[in-house]
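Notes follow once the structure below has been shown.
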Amino acid sequence: MSAPREPIEYAQASPEVRAVYDDIMATRGADWVNNFWKVLAHDPPTLRRIWANIKAVMGPGALDPLTKELLYTAVSASNGCHYCIASHSAAARAKGMSEAQYWELLAIVGLANETNRLVTALGVPVDERFQ
Amino acid sequence: MSAPREPIEYAQASPEVRAVYDDIMATRGADWVNNFWKVLAHDPPTLRRIWANIKAVMGPGALDPLTKELLYTAVSASNGCHYCIASHSAAARAKGMSEAQYWELLAIVGLANETNRLVTALGVPVDERFQ
Amino acid sequence: MSAPREPIEYAQASPEVRAVYDDIMATRGADWVNNFWKVLAHDPPTLRRIWANIKAVMGPGALDPLTKELLYTAVSASNGCHYCIASHSAAARAKGMSEAQYWELLAIVGLANETNRLVTALGVPVDERFQ
Amino acid sequence: MSAPREPIEYAQASPEVRAVYDDIMATRGADWVNNFWKVLAHDPPTLRRIWANIKAVMGPGALDPLTKELLYTAVSASNGCHYCIASHSAAARAKGMSEAQYWELLAIVGLANETNRLVTALGVPVDERFQ
Amino acid sequence: MSAPREPIEYAQASPEVRAVYDDIMATRGADWVNNFWKVLAHDPPTLRRIWANIKAVMGPGALDPLTKELLYTAVSASNGCHYCIASHSAAARAKGMSEAQYWELLAIVGLANETNRLVTALGVPVDERFQ
Amino acid sequence: MSAPREPIEYAQASPEVRAVYDDIMATRGADWVNNFWKVLAHDPPTLRRIWANIKAVMGPGALDPLTKELLYTAVSASNGCHYCIASHSAAARAKGMSEAQYWELLAIVGLANETNRLVTALGVPVDERFQ
C-alpha cells in the first residue's frame, strides 16, 4: 500500500479525471499526459487543484514560457527531484533550451548553493543599497 | 570570534584584496562593491576563487544576463538565503526584471517546491518520453 | 566498502543486537524487525541509542500514536526520504490512516513547502498577535 | 525595492483584495487577517490563488483540523520558516494543541530529521512488507 | 505563546533540570550552560534525552574531539542554523580550530553543496570501484 | 535528452578533456578518473572550473586531507547525495577513515540535523559568550 502509485491511463480513468487530462492536452497542444498527472489521478481533488495551479502559474504572463521552465528546472535541480528535472528540462528543451544553456543553468544552480551557504554561515549584512 | 565578520572597506583592504575589488567594479561597471565580497575579503584565497567562479558563470554565455540573475534569485529564494535574494533580485531589477516578473518567479519557486514533494513522496516513474 | 550495508538478520546477530531486536518486537507486538534496525546493527551503540530515542519519542505521550506517525511521515515526505516514507506511512496505515487522510497529508506537505518559500522570500514580519 | 514588502492594511486595500480578506475572516470566524495575506496582497492573483489552495487543503476533510495544523507546523519547523512556525503553531494552539503536545511534535521533527539522514546515507533497502 | 522560549537560569530551575545542567558543566569542565539547554529545560524529558545523545555522540570515541566539532559545525553551516554555527564553531575554536581552518571548512561546505547538486541533477552513476 | 549523461571515457575524450583527466590522475597519484568528471566532460568549461575548485579547496592547507574528506562526506550525507557519499567516503577510507569513525561521522550528521531543527524552531538566542 505504501508502494509508488501506478499511473492511471486514460482508458481506465473516470470522467472527472479524463476532463483534467483533456484540459492538460488541450492547453499544451499535446496528445499525451505525463505520469505526474496519472499518479495524482488517484486523488481527483488534488489532481484538479495542482493542475489549476500549474496552469495559472506556468501560463501566459510577465515572464516568457522558456524562462518559466528554466526556473522550474533550476529549483527542481536544487531540490534533487529527478522526475521534476526530467519533465521540466524536457519542457524547456521543447521550448528552445539548448544544451549549452542547460549546462549554464546547472552551473548557476551549483554556484548559488555554494554561495548561499557562505553568505548564511558568515552572516553577511544586507547592503543599504539593496534595501 | 564566531560573530558575523565585519565587511572590509576598500580603504582598509590589502593590495591583493583591492585587486579583486577593482576587477569586480570594472566587470560590473560599478563604483562600489557589495558586502558579500567585503566579508570574503577576510580570506583572500576564498575571495579570489569565488569571484573567479561568479565571473565565469554569470558572465556572457548561452543564457542572457537577466535570465541568469532570475535563476540565481530563484535558487536563493528556494534556499531561504535573505542576503542572496536581496542582492540577486537587485541585480535582476537592474537588468530589467519588473515587479510582475518577480511575483511570477516567486510563484514558480513556491509551486516547484510543492510539486517536488508530491512527486518524490509518490515515487512517480519517469516517463519513457523524457528519457 | 561504501556500498549500502547489508541488513543483519536475527540468526546472524550478536546477543547485544538480538536484545534490541527483541525489545523492538516486544514494544511493537510484532514478529519481525524492519531493515532500518538491521542495518544500524552494524554499529550496536548507534542501534541502541537510536532505538532508545524512537521508543521514547514515539511511545505513549501527549499526542496519540496515529498523529505521531502522521507527523513522522510528513517530515520524511518533506525531506524526500523514500524508506522513511514507506516505513512510517505503513505504520500510520496500521494505526488507522485512510487513503484519503494520506492524500490530505501530502497536500499539506506540498502546500507548506510552497508557502514556506513565499514567506521567507517576502520577509513577512511576524504579527504581534503571534508573539 | 528588494526590501521586505510592507503589509497592506484593509483600509488601503483595493476592492479585489478586500474580497479575499473578507473571505479569510469569514472562513476563520476572525476579525483580523495576518501579515502573510497582507504581504501577498501586493500581487492580487497570487493572493487569490494561495488563499484558494489553503482554503481547500486546510478546510474540512479526512483529517481533523488540529491534526492538519500540527502537520503544517511540523513541516514548517523542519524547514526553519519562523513566520510559518509562529502562525501555524498559534492556529494549532487555538484548536487545542497543548504545550506538551508541541514539545512532542518538535521531538518528532528533530528525530525524523536525524533518522532520515541515517537511512539515506546507509542506503537502507525498502522492506518487502512495506511494498 | 508562540514566541521564542526564554532561557531558564540555574537559579529558577527545578532539581531535575539542575541535575542535567550540573552534568553538562561537569562533563565540559565549564562553569556555565549555554542557551540551547536553558531553552530545552522547558521540557525536562527532551532536555535529558538530547543531552544523553550529545554526551554519547560527542564524547570520547574513534574521532578526536576537534574533528567532531568541525563536523557538527559543517552540517550546521550547510543547514543555515545560526545558533548552531555560533555554538559549535566556538567549541571548535576552544579545541584548537584556527581561523584558516574555519575558512577551509566553509569552503568545503560551499563546494560540497555545489557539487552535490551537479551530481544529482546529472544522475552520475556510482563507479564500480566505489561499491 | 533529459536522461543521465553517459560518462566520457579517456579514449573518446577530446584533448582539452584529457588534459583535465591527466591532471586529476597526476594530482591524486591514481590511474583512473571517477564518473563525476567523465560526466562533467560533456561541458569542458564546467569540467575545468569545478576541477580547479576541488583542487584548490581539497589540496594542502590548514586542515589535514582526512579531515577534509570527512567534512565533504558529512555534508553529502546531510544532503542525501548518494554518489557524493560513495565517492568521498571511499576517499576518506583511502586516507585512513576506520569503520568506527564512519559510524561516528554519521551519528554526528544525524544529531546535528536533529538539534538544528530544535534550535531553529525554538528560536534559541545566541549566547553573549559566543559573540
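Note that the chains take the letters A, B, C, D, E and F in the order they are written out, and that residue 1 is the start of every chain.
The criterion applied here is as follows: a residue touches a chain if its C-beta (ideal position, glycine included) is under 8 Å from a C-beta of that chain, and two chains touch if they have at least 3 such contacts.
Model, not experiment: these values are computed from the prediction.
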Comparing the two chain pairs, does B-F have more C-beta contacts than D-F, or is it the other way round? D-F
Count the residue numbers both subunit B and subunit E use at their shared interface, divide by all numbers used there, and answer same if that is over half, different if under half. different
Averaging C-alpha coordinates per chain, one finds the centres of subunit E and subunit F separated by a number of Å equal to 21
Report, in whole Å, the distance between the mean C-alpha point of subunit A and the mean C-alpha point of subunit C. 28
Going through subunit B residue by residue, note those that touch at least 2 other chains and give them in order. 2-3, 45-46, 49, 53, 57, 78-82, 85-87, 90, 100, 103, 106-107, 109-111, 113-116, 118, 120, 122-123, 130-131
Which residues of subunit E touch subunit C once you look at their complex with the stated criterion? 2-3, 45, 49, 53, 56-57, 130-131
Subunit D residues touching subunit E - in the complex, by the definition given at the top: 80, 85-87, 89-90, 93, 100, 103, 106-107
So, in the complex, the side of subunit F touching subunit A is made of residues 1-3, 42-43, 45-46, 49-50, 79-81
Touch list for subunit B against partner subunit C, complex: 77-78, 80, 82, 85, 106, 109-111, 113-118, 120-123
Subunit D-facing residues of subunit C, complex: 3-5, 7, 32, 34-36, 39-40, 46, 50, 53-54, 57-58, 61-63, 67-68, 70-72, 74-76, 78-79, 81-84, 86-87, 90, 98, 100-101, 103-105, 107-109, 111-116, 118-120, 122-127, 129-131
